[in-house]
Amino acid sequence: MKILTTGFAPFGGETINPSYEAVRLLPETIGEHRITKLELPVTFEGTPALLAEKVRALNPDVLISVGQAGGRPNITLERVAINLMDARIPDNDGYSPEDIPVEKDGETAYFTTLPVKKMMEAMNEAGISTSLSYSAGSYVCNTVMYAGLYLATHEFPGMRSGFIHVPFIPEQLEGKKEGTPAMELSMIAKGLEIAIKAL
Amino acid sequence: MKILTTGFAPFGGETINPSYEAVRLLPETIGEHRITKLELPVTFEGTPALLAEKVRALNPDVLISVGQAGGRPNITLERVAINLMDARIPDNDGYSPEDIPVEKDGETAYFTTLPVKKMMEAMNEAGISTSLSYSAGSYVCNTVMYAGLYLATHEFPGMRSGFIHVPFIPEQLEGKKEGTPAMELSMIAKGLEIAIKAL
Amino acid sequence: MKILTTGFAPFGGETINPSYEAVRLLPETIGEHRITKLELPVTFEGTPALLAEKVRALNPDVLISVGQAGGRPNITLERVAINLMDARIPDNDGYSPEDIPVEKDGETAYFTTLPVKKMMEAMNEAGISTSLSYSAGSYVCNTVMYAGLYLATHEFPGMRSGFIHVPFIPEQLEGKKEGTPAMELSMIAKGLEIAIKAL
Amino acid sequence: MKILTTGFAPFGGETINPSYEAVRLLPETIGEHRITKLELPVTFEGTPALLAEKVRALNPDVLISVGQAGGRPNITLERVAINLMDARIPDNDGYSPEDIPVEKDGETAYFTTLPVKKMMEAMNEAGISTSLSYSAGSYVCNTVMYAGLYLATHEFPGMRSGFIHVPFIPEQLEGKKEGTPAMELSMIAKGLEIAIKAL
């Protein structure tokens, strides 16, 4: 299988983004799957177009996007993407959409088509803490997840697609409140690898 | 009264540190108090020395240090500093102390000598959410708080001293988990000003 | 207008549920709106039926359901309900659905039809901390929200419907970690009243 | 060695308290250590007296007190107890101390005398998530920890003493916000057992 994995560039006052750092650490092949890696900017309009372009060029069997959810204690598998862009702060293009659909003719929401419970179990068995999440928010993470599932529905019906959120890494912890959870970057990357193997 | 206020330079993968940004926004005088501002680096060894030097030069009546505790929902007034440096990650000098006392001949802990409940009430009455905290951690924030109270105990018995933690500002929120709290920088600065007026 | 408000009975090892306690404190009329109150049990199967029965009897203009989300720092207005019941623990009937749709012929998700941004602003102006939420989870709260919006779509197209989550009250705080947020019950009830006035 | 372990009765609107439930599951002996178990009420005044009475009767080598810190993601080993009782809500006797020392002639704080880093490593190696904490708050948990260390300092210099906070168990989760962490009761009990073995 061909697997496209994406991560984000740094944003929001941070100089590191563990999402693309972890994707970068993935091997070129996992089992018989070929892994392609794509770094995405944090923009509402450019990112879905970039993603669609790459999907059309590669025609992957699976699309897995990864983003940072600093403060969550473990790796979370997103179950649902909603047709809504609602930003509290501007993206890297300076665009700040308010209550705008990602796709005018899209459904209210899509459920992920990744086998998230199976992926969760595989990671948990390997001692990597994981849980399910029912919201990827209303910012660029949700937009990318929705864009992938819309693309699958309309153009690539065989492509499975979903989104994984990863925690802070320890290097980002100071200046955050006591007890803010973090996970080693190597463990995040190992978790992604195990999740991909579980497909 | 002469009041020395300190904040920190950015650290931990962030490009902004709202603690010194808020201190910077304070006026030169609050009521009859003269405000002096000092930006501190995030180092275990250099910072107490820098602080002591400034206190000896200025001989302030009050010392208020400010740091970021990203993820806390409001401004927190620290009640206690402990005689312990224990770092999970190196400071800006590359120093990573493990279970080292801040001062070999210091007490196990000092309580703040600021009137924190009065300061809390004044901020809350102005609609600025505040609470008390019983731990400033074991990293550089606690070290600075402990160093100030040790200095007061040993050299400046008339100086009142304490520490205030401030939340993220909205510009830092994206890439953090849904529901991560933030406070506008202008509101943080106003909160510090009201806290100082309450002295 | 006729407004139906619902809250839940205690659950999950707690002896108090601030959701129905707050609903109970609402006046009989708010402006020209008549308020009807309904206490719901925490069950996946019984609760939608009970709700439908009450809606058919009353034919309300607005349905507002309220639940506890202990640990959230403020009152949250839910924006989306998903067609999924997935329980980690059994409900009060001992039923523990796994990946079951709330309604077999329902859409993947419904957006709330309450004017949540207007309601949020009204509460915030009154000094009651509020925010938007993009997930009501996958337990009975989400089921009740989904059931209300499904009912509106299929039988009561003029009825607006949505869900509000409320924090712990201070009486519930001990034994929870330092810094767990809470809101006074009277403030929660006032918040609900203001939100209803904003309709 | 004789080891005295304590846990608390339910409190704060909860019907379960995992702290004593976990203590109750400990075996009668761990390695060559005899385990004695004591359930404590949540009171500022009665609890230290009860504890002292039991310590004087048993003369244990080690005293480990356990309490619930619902919302923390893992088992936390407390490092410091402070000489302060400051309650937001009344205890089970209806007593609500404000800024009162636990012991008039006590030090500002005591550090734990348990080998907490060793205990943490042992639990982490067994796959049980653990971290250190620098505050046991200012309610009855801190009072019990302080009382134990004061007792050791003044009457039982050979007794090591400390405090462990445990998370919610899954049965307590519903009605709490999405992502509230929990740990199985059997895993908490196993963690305590491993921590005791590490002594």
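Labels A, B, C and D are assigned to the chains in the order they are written; within every chain, residues are numbered from 1.
To be clear about the criterion, contacts are C-beta pairs under 8 Å (C-beta built on N, C-alpha and C of every residue); 3 or more make two chains touch, one makes a residue touch a chain.
Since we're looking at a predicted model, the values are computed, not measured.
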**Request:** For the pairs B-C and A-B, output the one whose chains share more C-beta pairs in contact.
**Result:** A-B
**Chain whose average C-alpha position is farthest from chain B's own** = C
**Request:** Report, in whole Å, the distance between the mean C-alpha point of chain B and the mean C-alpha point of chain C.
**Result:** 39
**Prompt:** From the C-alpha centre of chain B to that of chain D, how far is it in Å?
**Reply:** 30
**Request:** Would you kindly tell me how far, in whole Å, the mean C-alpha position of chain B lies from that of chain A?
**Result:** 36
**Asked** Could you say which residues in chain C touch two or more other chains, in rising order?
**Response** 72, 133-135, 137, 177-179
**Complete:** Touching chain D in the complex, chain B uses residues 79-80, 82, 84, 86, 99, 107-111, 117, 132-135, 137-138, 142, 177, 179
**Prompt:** Which bits of chain B are touching chain A when the two form their complex?
**Reply:** 8, 11-17, 42, 67-72, 88-89, 135, 137, 139-140, 165, 170-178, 180
**Message:** Touching residues of chain C toward chain B in the complex: what are they?
**Reply:** 72-73, 127, 129, 131, 133-135, 178-179, 181
